[in-house]
Amino acid sequence: MTLTQHAPAPRVTQPSSGDQAVLIVHGRDRTGIVAAISTVLGRHGANIVSLDQYSDNPQGGAFFQRTVFGRADLKAALPEIEADLRRELANGFELEYTLRDLSAPKRVAIFASKADHCLLDLLWRHRRGELPINISMVISNHADTAGEVRSFGIPFFHVPSSGPDKSAAEAQHLRLLTGNVDFIVLARYMQILSGDFIERVGVPIINIHHSFLPAFIGAGPYAKAKQRGVKLVGATAHYVTEDLDEGPIIEQDVVRVNHAHTVAELQRQGADVERAVLSRAVLWHAEDRVIRDGNHTIVFQ
Amino acid sequence: MTLTQHAPAPRVTQPSSGDQAVLIVHGRDRTGIVAAISTVLGRHGANIVSLDQYSDNPQGGAFFQRTVFGRADLKAALPEIEADLRRELANGFELEYTLRDLSAPKRVAIFASKADHCLLDLLWRHRRGELPINISMVISNHADTAGEVRSFGIPFFHVPSSGPDKSAAEAQHLRLLTGNVDFIVLARYMQILSGDFIERVGVPIINIHHSFLPAFIGAGPYAKAKQRGVKLVGATAHYVTEDLDEGPIIEQDVVRVNHAHTVAELQRQGADVERAVLSRAVLWHAEDRVIRDGNHTIVFQ
Amino acid sequence: MTLTQHAPAPRVTQPSSGDQAVLIVHGRDRTGIVAAISTVLGRHGANIVSLDQYSDNPQGGAFFQRTVFGRADLKAALPEIEADLRRELANGFELEYTLRDLSAPKRVAIFASKADHCLLDLLWRHRRGELPINISMVISNHADTAGEVRSFGIPFFHVPSSGPDKSAAEAQHLRLLTGNVDFIVLARYMQILSGDFIERVGVPIINIHHSFLPAFIGAGPYAKAKQRGVKLVGATAHYVTEDLDEGPIIEQDVVRVNHAHTVAELQRQGADVERAVLSRAVLWHAEDRVIRDGNHTIVFQ
Amino acid sequence: MTLTQHAPAPRVTQPSSGDQAVLIVHGRDRTGIVAAISTVLGRHGANIVSLDQYSDNPQGGAFFQRTVFGRADLKAALPEIEADLRRELANGFELEYTLRDLSAPKRVAIFASKADHCLLDLLWRHRRGELPINISMVISNHADTAGEVRSFGIPFFHVPSSGPDKSAAEAQHLRLLTGNVDFIVLARYMQILSGDFIERVGVPIINIHHSFLPAFIGAGPYAKAKQRGVKLVGATAHYVTEDLDEGPIIEQDVVRVNHAHTVAELQRQGADVERAVLSRAVLWHAEDRVIRDGNHTIVFQ
């Protein structure tokens, strides 16, 4: 019997996106937008790999387009493509756009508290190469998960946050985050972020919370759900706005439960849905598949 | 080419339940209940076909049991079995029970308004032999569906109900229903039933309504759901209590929707879930699979 | 109590597609196709309502695009748009395309045998305005459903087909169908179509059949599935080719079953999935959302 | 900012099952079995916590019952309860039974190869307290996962197994396993077990494999599924018998895929279903919820 102890084999974290970029365009719908964009791309020898387009009202409603395109030497050509797009789209269209090289994954900070199911699910999926992100750091108001997080090779910062005044903690958060991350994931982070922090940090923040039909407001939602005999337990991932738990929804899902589930089992089932829903929301955001529009989202899956 | 016009072939509406009965027992849990019940059944030569049992807390919590049993000449033997059960269960147990011959389907009245998707789904499933019920009548506050309902051979009664005073309409309802039905299904009946009616009619009432994560209160819920960008649209079937839409939940389900669904399409998807959820709730109630316990239900599927 | 008998209120069968058309393009991928198409549409003042595009390999793989566009006076403009597209796409691209005015629903013939669950589901959904099709006729090798079909106002033709020689029946089929239908749906039609018929009828044919994990070959699949204890029962809708049940898959789904389901209940559950899957396949085909490519399909949902 | 490195907090691995035991009875159905069992339990002051019963045919078919019961000082009382049950059930019934103290989790060996998704999912769920098992060891024919497994505190044994002759490897397996495990889980173990090994190891073996509708036989099933355009990708967990992949099914599930999924993405989706399905099968087996009966299973969920 051979007994050897190897380190885990390195895994390819990123699906090679080769020489590809993603272009998101949204604004007021008008005849000719798709033609204008695709003509610019064609002019630069870029081939369209996938194109999703949606208008909420063809008569002057809102227009949304996600285009993935590729060409050789993309990195060198991107500035010219962008300049050309800017010129073209400024030409009478009321549109905003973002253009991103897919070979550079987005950088993310994960916020967590004591419950670790969402945090660990993201770390595991990332290590398995399922999430095209760079996890820059984990920030927690509890030190419990420090060892676990660092065993994944990811920096862990313990920033305690107790009492009503969050300003000291949020100042630390801003020092850690500024310039270092492209978005933030609240993986069951049990502290409320101030409107001031949300504005100053300046990057999208994704949150996950439990959801029921009907909703149960306030403390002990699982106990209330048990008492009412709900048959579905769910979770919602959304962008964070100042309105707590009211931001644009990215993804939702439910699992079926029954009368025999105890409150603890409902919570475990809920935790399973939470991590599944959050990981999908993070994946789609990382791939620029989610476009915010007022208080809802367009998700090109 | 032969062109003939036949009436539809008669379909077997009832799965032959042969000589079977269903016994529901619930009350305070105590050692020995299962033994007491099964001993009585064994004494009468009845064989247990299926038995579902649940205690919400083995230390003196609530006890629920659904037992289907059979024997030859069941109808003749039922009175003695019932007397024997009554004696046995009175013997120190705090239990209620109901005993029902499965060869006699429950009689139901369906209430509807203009929207016919839930009503027709029940009529179609009944005609296909999928629901072990007798539909005694359809009552509607609109006459629109009269022809359709009667083409199924089912009596239709138009009972207009406008204005705040429902007492005249409810008096007509009671005259039609009293003695004729074992339960009532509100198949998108858009009138509120008074507490007085609910009490006087004296049979269980099942309602269906749309459900979202999160809930949207008040008028135009689909428009609000669209605006918020929900990814799931659902429905809840529940027993009617005086608390509108707050009674014990029997069944729930959802379907996945996305940003491209218009409000009208969300409503159609919602209608599809409503009819599926309502038909399951009706089936389970008809088969005595649902036990009410305070504000929730035990469903032995 | 007012007792009146009204005919059911007329329902809008077609969602008003206004002045819209759908364009399907597929062929070899090349830089510039999207630009060429959208430029032509823009030139004619047509606004793109939705655009789905997919390439199975950006380096010279297969290209697929579904575009819905609209403009005032579409009908008058379509011939010119088509001529312009033909010129443009002939210009060095290897592409096929179809262009269809969405205000003219596709005409369909439904083939059925004795089992009526799929047939009736299509008739009901059509009457409820859920399927943008014109049902030209129902053809069956049994007369059982004639009355039911005709009560929907749809012509029913009984074409008996027994014995190994199907040529007489198929000749009748061709006389009924030629020039009258745009596609055919086999709604549990229990006769095998000859390769000769499939070729001569010249329109797409959609079939539905049960599916299991794993598959059970031959007669009595539900009995075999019961014996093996499968936990999922499913259905597959596919285009018919000469290879029985091996054509390109359009849609599939499953339902969860368990050990307590009898063979009859498995069949009923299977029937429920069959009708749901078939109706989705018919809807998507009717809306030109399905593109065949060799032995598989691209479905732009 | 406090930066501390803690080991992960210990988690409660077992939900306290207190003084509870599970009794499985199956054999030929006859009047009086439920009464006999519950009378014995009542005689010993044991309270029934949950009872599931199923007969595949009330007229002399097969009978299955799972009963969880509790009492104070259960451990001391179990031998007498068992003796009493043995006497009672020997008394004219043709039944087999197993009785197990729920406070002693089943011991399991996990077999794995290079793919680690199922292996790690089981280790993670176990550490999170979601699986009431003791993982005695992991055995692999590759050394790659040794470090990872041992970081969970679980013994890892590398037993190479190449070439057609598995007898040396299987002899090592038997030395490791004999007396040490109650069941075995093949978590994507890519070696075929000999019939001789299955017989000699003498404990149940659970396997997981991919499943499609329809099935694709032989090598490269995902490539074939892609080519055929399947819309569902699934997995089946089953007990291992000498008939490869043909043993009694414990659990199955599927996920929805579409034309845009590459073969690699289909495999990743398939891996996600595999680990979900396997973990459910392991949980249900660990809790004695699965009863084998010929080539199928009764699962009391």
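By written order: A, B, C and D. Residues from 1 in each chain.
We adopt the following convention: a residue touches a chain if its C-beta (ideal position, glycine included) is under 8 Å from a C-beta of that chain, and two chains touch if they have at least 3 such contacts.
In this text the structure is predicted, and so the values were computed from the model without any measurement.
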Interface sides of chain A and chain D: same vs different residues, half threshold: same
Farthest-lying chain, centroid of Cα atoms versus that of chain C: D
Chain A and chain B: spacing of chain centres that average the CA atoms, whole Å: 42
Distance from chain D to chain B - Cα centre to Cα centre, in angstrom: 37
Junction residues of chain D, two or more chains touched: 50, 54, 260
Interface residues, chain B side, partner chain A - complex: 54, 56, 211-215, 226-232, 234, 236, 248-249, 251-254, 258-260, 294-299, 301
Residues of chain D defined as touching chain B within the complex: 29-35, 38-39, 41-42, 45-55, 58-59, 70
Interfacial residue positions of chain A with respect to chain D in the complex: 1-9, 15, 50, 117, 120, 124, 128, 130, 143-148, 150-151, 156-160, 172, 260, 264, 268
